[in-house]
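One structure is given below, represented as structure tokens, and several questions about it will come after.
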Amino acid sequence: MSESLDRDTGLAKKNELLRLDAEGFLKRLSDWDESVATSIAANEDICLQETHWEIIYLLRAFYRTHSIAPPNRAFVSLVKRELGAEKGQSRYLMGMFGGSPAKTAAKVAGLPKPENCL
Amino acid sequence: MHSLHIIAKAPTATSLADLLAVIDESDVLIFIEDGVYFARSEFPCVEPAASAPYFRQYECYYLAEDLAARGIEAHDDMQVVDTRGFVALSARLARSVSWY
Amino acid sequence: MDNQTQTKKQSISLIARRAPYGSGAARQTLDIAFAAAVFERPLNYIFLGDGVYQLLSKQDPEAIQNKPHGAALETLELYGIDEVYVHRNSLIQRALSEDELVCKVTLIDDCTLKELVAESIHVINL
Amino acid sequence: MVAYVIDTPEPITVLRYVLLINAAPQSGEAANSALRFAGTLLEMGHHIERLFFYGDGVINASNLTVMPQDETNLPAVWNALIEENGLSSVVCVSSAIRRGIVDSAEARRHELPASSCYTSSEIGGLGQLIEALSNCDRTLSFG
């Protein structure tokens, strides 16, 4: 109990330092860099590998062009189009980013928080 | 099945080109809000296609509450309905298309 | 009848009828299209009148603090939104040509437009 | 001949309607038209599957509007209609947060000092519009 409390306070402090909101999204997108991404990923218990980075850069490039953070299905299609059918599968992406891969990947890539619109 | 077109803006604020591209000859039109000024659209400032006589080829209705609010008198060949009539039209026609 | 255009029946038709940036309508229509795609409800996405301006390439609204609408429309394919129609006369009336548009569209005449609407159950005209 | 009411008997077939409200009470007559239409629909025995407030229409769910006593407070009347008839009323979240319409959950989520939405409406997503369209016979938009 106290251990998890410590962990929560530690996380909250770290979030404040990184200027993250309560859900772990960057408050200012311009704060993003690779080390920030690594910390955000650590908050999600993800240790970033080469395979994560290619997705992160893909998402950032997509966002730069289209100003859109794609939801799951479009995210899968995007990865499929750009990185091939083997990676463009929700199973593969969930294996890397967990249950809601588009949301978590967007968080790590420093994209805006989805508006809960769907 | 036919559509009910709900026209809610004045003739000068309604794109006739858009409207006419979508309206089918057997569709029904209802003019509400500022759309009721279509009833008085024989002005020089209005495109000829927007004038009331032009729309006579369609089944047209005008919303009574909006006519009254604006001091527009219905003439004899105009069909006027209140909101109950508007609801009845929306039920009768398979779908509605709003123009605002 | 224009004979070349093959259209599928969709229960929802979205008509985008306003230019981008001047009002929120363009974006609102797009968001409805995205939502329908997420819920796997196919729809007709129809660009009519000033709505065709939404599709112009080379939009750069950064200086007016807006997101590029054309660039957003480029993503329709990724969302699986394939039924994208542009009213041919609306282009002609604005002296625009198909190759100025950001994405692949199907040009339609009045006749097909009326048909698409008549085959839908819901029409959202923004 | 001027016929003021179409002479229809009470509807035999009850139809399920979705109303999309896309204008603020202050921006014109549309919100008022929608409200009158909604009330009349119910009076005539039809069913409202869902009210969906979108764009500027979300202001209709504000519980912070104040009107002089001789003017209609449209959000209050909507609230009464929704509550008295147990209607499903959804306010689009992305439109709402941009216009300062939040319920307590959204206020918390975005670290805001107060909520501003009648609890008779639910802050929700466009998915709820899409879903309602699949379950209704008629869709009408007001804006």
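Order of writing sets the labels: A, B, C and D. Residues in every chain begin at 1.
As a working rule, a contact is a pair of C-beta atoms (placed from the backbone, for glycine too) under 8 Å apart; a residue touches a chain by one contact, two chains touch by 3 or more.
Just so we're clear, the structure is a prediction, and the values are computed from it rather than from any experiment.
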| task | In contact with chain B and with chain C at once: which chains are those? Just list them. | result | D
| message | Rounded to a whole Å, what is the gap between the Cα centroids of chain C and chain D? | response | 26
| query | From the C-alpha centre of chain A to that of chain C, how far is it in Å? | reply | 31
| remark: Separation of the C-alpha centres, chain B versus chain D, in whole Å, is 24
| task | Find the geometric centre of each of chain A and chain B from their Cα atoms only, then give the gap between the two centres in Å, rounded to an integer. | result | 51
| Multi-partner residues of chain C (at least 2 other chains) | 31, 34-35, 38-39, 121-123, 125
| message | Quick check on chain D: which residues sit in contact with 2+ other chains? | response | 22, 94, 125-127, 139, 141, 143
| Residues of chain B touching at least two other chains | 95-96, 98
| note | Listed by label, touching pairs are A-C, A-D, B-C, B-D, C-D
| task | Over in the complex, which chain B residues touch chain D? Could you list them? | result | 6, 8, 32-34, 64-66, 74, 76, 78-91, 95-96, 98, 100
| field | List of chain C residues in touch with chain A within their complex | value | 31, 34-35, 37-39, 67-68, 71-72, 74-75, 78-80
| query | Hey, which residues of chain D end up touching chain A in the complex? | reply | 92-94, 97, 109, 111, 125-127
| request: In the complex, go through chain D and note every residue touching chain B. | output: 1-6, 8, 11, 13, 15, 17, 22-23, 28-30, 33, 36-37, 40-41, 43-44, 46, 138-143
| field | Residue ranges of chain D in contact with chain C within the complex | value | 18, 20, 22, 54-56, 94-95, 125-127, 129-131, 133-134, 136-137, 139, 141, 143
